[in-house]
Amino acid sequence: MNQTVVSYLSQYEFYDSLLALFGNNQGLLAFTIFLIVALIIVGLCATIGGLGTYAERKISADLQQRIGPNRVGPYGLLQFLADGVKMMTKEDVMPFTADKMLFYLAPMLALVGVFATLAVLPFSSGFAMADLNVGVFYLIAISSLVGLAVFLGGYASNSKWSMLGGMRGASQIISYEIPVTISILAITLLAGGMSFGTIVGMQKGLPINWFIFHNPFAFIAFFVFFTGALAETNRAPFDLPEAESELVSGYHTEYTGMRFGFFALAEYIEVFVVCGVAVALFLGGSNLPVDIKLDIIPIQIIEVVIFLTKTLLLYYVVIWIRWTLPRLRVDQLMSVCWKYLTPMAILNLVGCAIWLVVFNGKSMADMVFGH
Amino acid sequence: MFIQILFGLSALLTIGCAIAVAVTKNIMHSCVFLLGSLIGIAGLYATLGADFVAVTQIMVYVGGVVILMLFAVMLTGGKDYVSKAQNLLGLAPNMGNKWTYTIGLLVSLVFILTNVKLVSSVIKANPAKTFGNEFPSTVNQLGHLLVKDHVLAFELSSVLLLGALVGAAIIARPRKQ
Amino acid sequence: MISLASYLVISLILFAAGLTVMIARKNLVAILLGIELILNAAALNFVAYSRYVTNNLDGHIFSLFIIVIAAAEAAVGLAIVIRFFQIKETVHVDEATQLRN
Amino acid sequence: MEYTVGSIAPIFLSPVIAFVINAFFGRRLPRHGDWLAVLSVFISFIFSARIFSDFVFGQFATDYYVHKTFTWFDLSHGAQIFKVDMGIYIDNMAAIMLLMVSGVATLIHLFSVWYMDHDERHGRFFTFLPLFTSAMLGLVLSDNLFSLFIFWEIMGFCSYSLIGIYYEKEKAGDASIKAFMTTRVGDVFLLLGIVALWMVLGSVNYVDIYAAIAEGKFAGQSVLGISLATFAGFCIFMGGMGKSAQFPLHVWLPDAMMGPTPGSALIHAATMVAAGVYLALRMYPLMVLGELTTFIAVIGAITAFMAATIALVQTDIKAVLAFSTISQLGFMMIGVGVGSYNAAFMHLITHAVFKACLFLSAGSVIHAIHEQEMPKMGGLRKKLPYTFLAMMCCTLAISGIPFFAGFVSKDRILGDALYWGFMAGQGPFHAIVPILGFSAALLTAFYMFRLMFLTFFGEPRDKHIYDHAHKEHLSLTSNVPLLILTVFTLGFWYAGTLTGQSFGKVFGAKTEWFKILVEAPKVENFVNHPRQAFGSTDTAEKASLPVARYDHQSGYAGPNPDEHKLHTAHTIGAVASVVIAFAGVFLAFLMYIRHSIKPWADNFSGITTTLKNRYYFDNFYVDILIKKGLLGLNRFLAWIDMGIYDRYAVDGMAVVNRTLYKASKWFDNVVVDAIGVDGTGVAVNLFNLVLRIVQSGKIQFYFIVLITVLASYIWTLNI
């Protein structure tokens, strides 16, 4: 049975009082709860995405021994708000020969694709929209909408730069989906299910129980997943679709104002989502290292904080990589995917399967500490 | 309630997009409408409790087939072209004209009538079973079915996919002369 | 409570739309779009019957294989279209009149 | 005392390894790997010496032999035996031969290091020289004619390569081809003989052949109307004639002097030429059975005399030595023919030693003055004292002066020939053999001392050359090999006495080792002799056999009814040999030192021309045999080809084809084309009218038809 935030809350007593408040209309209550949670999550993620731009600028400045944004607010913290205001107030320019419908559609698709993934992201054991049985699979599937959006954006602009960027982006995202999916498949094999609840629940306890340390293949799979995910989110060193030195700005060259903002926001939130997925799949998710008995609200808050801490650390690593490594060539990009990552991912999958058969499903920690 | 809403939205999306696919004059838009239709079908699957099939539908069509078609459209160019070859439907542009649409609709009508006759008799013969409003997870059962009852088809489909992969690569490869 | 007939009607409309596309359009890619619609109509029928009539998951398996075959068909079909375009510089279906060269 | 693979294989494998390394990596090795060649042959020598000491110093009975085989391939099927064994066969003769070949080859290799230094073909030379040696050693070790033939051909190839090593010189190239083609004539016969034996006996093992002779398997067998023993023996002897340069096939050997002198030494002294004599000795029972001994003796006598006469007038120092080689080989063949088995073999050994030394000395001379023509030499003994010493000893040996090796062996051959020709009660025709033999001995002494006198004595005739000659110094590579060989030109090493006769023995009875050890194989001993596999021990058999001793009174061969006559013949022969030798030396002394007699050429100018042209053998072969005979045959074959085959077979075929063509053309035009093809076309056209409508090639039309038909089918269903 699919678990949702509503079904989680219904275990507790205050749910009944809430129900009474809504005149025993279960559907209305559930709808309201979903709406509130969705708004919280979207707001949170949008803030994180906005702060992501700030973080990126600040961290890159730090790496390059500059100061970075420091005028708007304390330490320039409100810079992203200023940017947002600027974007919203800008003129919305559309090229004369653009394909209007697709030009409008593309940024929406990007944002929809990213926000749809947030529905299954396990911020904590309860604070997730829905814990689908096919959660991981759903996440992979729905995030490929971004690739489509990139392609359509590039096509609809009717510009050479955009076209090239869009085609590169689409081919890159489709290609890198394969190693990423196969790495995730290895983890679903270990967990015995595709739901995030199952996967995160399996990694309870000390970091040694995380799936990244389950066996050597899972350890490699993490890096394959992380590399592929970087490429899927068009981050450096895989930022060929928007390579500013070659393609001006790639698929969103012709976009201005809030449409451009959608693309940018989608990119930053997707990075956050990818890091969150990595944390949930490999790094123990929102689990507490120790079992403590607390009330529902505090424990959820602690779990969310743990999840966000891990995710933002990975987020830092992503930005760090972006400002450290140079960009790959197109042929190198493709050969990395097809000649190295995909075979490695397949070997990891087979290796995990063999490990499970040979060691009867035990992890390395189980064998070391005994279970 | 949710299911009814989801069904209504999905059905609307599916049918509307399918008709749009048929009537729009722009092949690119046609592809995008197809995407909408396919997502709608995924929603319909969800209302039927087929969660795995629904996600697979999105995965394969959104992530693969539609992008592939968009690529194909882009590589073959959107230029309109009128064939010089004479045929029963006369001269027709790439996206069809009123004669071709007339014939297409006629054939569709014939098919619809046929199908209505067929399906109504089938439904009359097999009254629908009643079932509860719960949706048990299908993932585990599907996995067992795939590697037990349908293992031959499963393996054959892998061979088919490999053949399609290699065949597509060979066919589309430009020949050096 | 949604009835089986509503799914069948949706599937019929999808099929009819696909059929119309296949016959009316002269663009090879558009014909492939029609084929996708028709295949999806069939798959939807399978899943609907699996829920309402047989009450087991064989329909799901069928629709999964239909999706697989549709993907393979799309890949090979589009490869053929692209090759055809390289040779003829058009994707008009009536131009495909030669068996070789 | 176990002859395992490890103790025998290195004898011929180590030079082969040296060959392979030098052939592929020689360019990269320091000094092109010549040290490797020397080392490899020296290893062979060590292993050979071990075998020699086992066999000679009383470890085995005289007729003991080591024969180990392994199956090379076995295609036997049921009763049909088709199995080829390979293996080694070592008896006393082979043991002595191994020591001689490897020892002489080691010294020649050592000498070559000096002689070929700074030569542009240095590496190539040291590639083929070890291969050549290993082939000869393998030939000696072979236990059957088949592997013997393989090594025989390897040697032929190596001699070809060594003679033609300066292939850019036209004469060298021609000489190598000539050597190869001439010996090829003999090789064809040899192969024929081997095949004949194989066909009848099913084996070409020495042991099997001996056993077959003893069991009388040859009786009644015949090939081409000739008895098998005669045919096979003749063919095998022809092979030996080719290799050992006997009378009709001797023409290649003088030309083979185009190669480097150490190569000549190896070819003409130790190895290749000895192979023919060795083969004849191995197959001696077959020769006897085939009644070929008279033939062999006559051929040998003719060769000995003819080559000696030619040598009289040669001015090239190496040519003289070459003809003397032919002459000495003739002596060996006389020995084989007249039944003096061990003397022939002894002469082979002694000749190998002193002829190798002579060639090396000649090489030393040539290296010193860069000149081969004797008229330009003279007085070189002051410049080349060590070479002079070595060459003098060897000349004494070859001339048959007492106390030297040549006297011991040649005297025995001549004594036996004397007995065979005059006293054995055979026809008067046989007397020609001893007469020619003694004449050749006289001439040998004469021309060898002529060589010595012209080269080393008197005043230098070409002052310029003389002045530029290098003064000789003692060194390991240049003249120590000569001196080592010189030591072994003394007679007592071989006979145990200085004279070789039975009076004045020095070391007692046991020292007549040559006579004890080497004897014609007694074929009846080989019947049903068990085979040994590789790795088995030899001790058990050794213990069961008594060690043979030489019985001075009766001789080893047992009481001979003609013992008295034989003894007389040997006494007369010995005296005659000594007299003849000294007469020859004296004649040469008068002619070339005292000048009291005019040199040969002036006295007999008519004959000299003939001799200088070597009896016109080359002209005969080229002008008569090849130009007249072969070209005539050629023309005849061409006539058969053009006149008969082409005119009737080919043209006739064309006429037949033309007729057939006309018939088929009519059939094609009328039946196939008009009725079949056009008729089909018309029929197809008719159908086409209908099918064209349906088969439009438009997939959408097909689809419409499909749907329509499906729909109409469903409407007809009653559901």
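Letters A, B, C and D mark the chains as written, and numbering starts fresh at 1 in each.
In this text, contacts are C-beta pairs under 8 Å (C-beta built on N, C-alpha and C of every residue); 3 or more make two chains touch, one makes a residue touch a chain.
In this text, all values refer to a predicted model and were calculated from it rather than measured experimentally.
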By Cα-centroid distance to the whole-protein Cα centroid, the innermost chain is D
Out of every possible chain pairing, which has the most C-beta contacts? B-C
Per the C-alpha means, the centres of chain A and chain D lie apart by a whole-Å value of 89
Between chain A and chain B, what distance separates the C-alpha centroids? Give it in angstrom. 29
Can you compute the centre-to-centre distance for chain A and chain C, using the mean CA position of each chain? Integer Å is fine. 33
Which positions in chain D touch two or more other chains at once? 698, 700, 704, 707
Among all residues of chain A, which ones touch two or more of the remaining chains? none
Residues in chain C with touches to at least two other chains are numbered 19, 22-23, 94, 97
Okay, what are all the chain pairs that touch? A-B, B-C, B-D, C-D
Given the complex with chain B, which residues does chain D contribute to the contact? 696, 698, 700-701, 704, 707-708, 710-711, 714-715, 719
Show which residues of chain C lie in contact with chain B when the two form their complex. 2-8, 10, 12-30, 32-34, 36-37, 40, 43-44, 47-48, 50-53, 55, 57-58, 60-61, 63-65, 67-76, 78-83, 85-86, 90-92, 94-95, 97
What part of chain D is in contact with chain C in the complex they form? 697-700, 703-704, 707
Of all residues in chain A, those that touch chain B in their complex: 1-2, 27, 30, 99, 101-102, 105, 132-134, 137-138, 140-142, 144-145, 147-148, 151-152, 155, 163, 167, 170, 174, 177, 193-194
Note: in the complex, chain B contacts chain D through residues 87-89, 103, 107, 110-111, 113-114, 117-118, 121
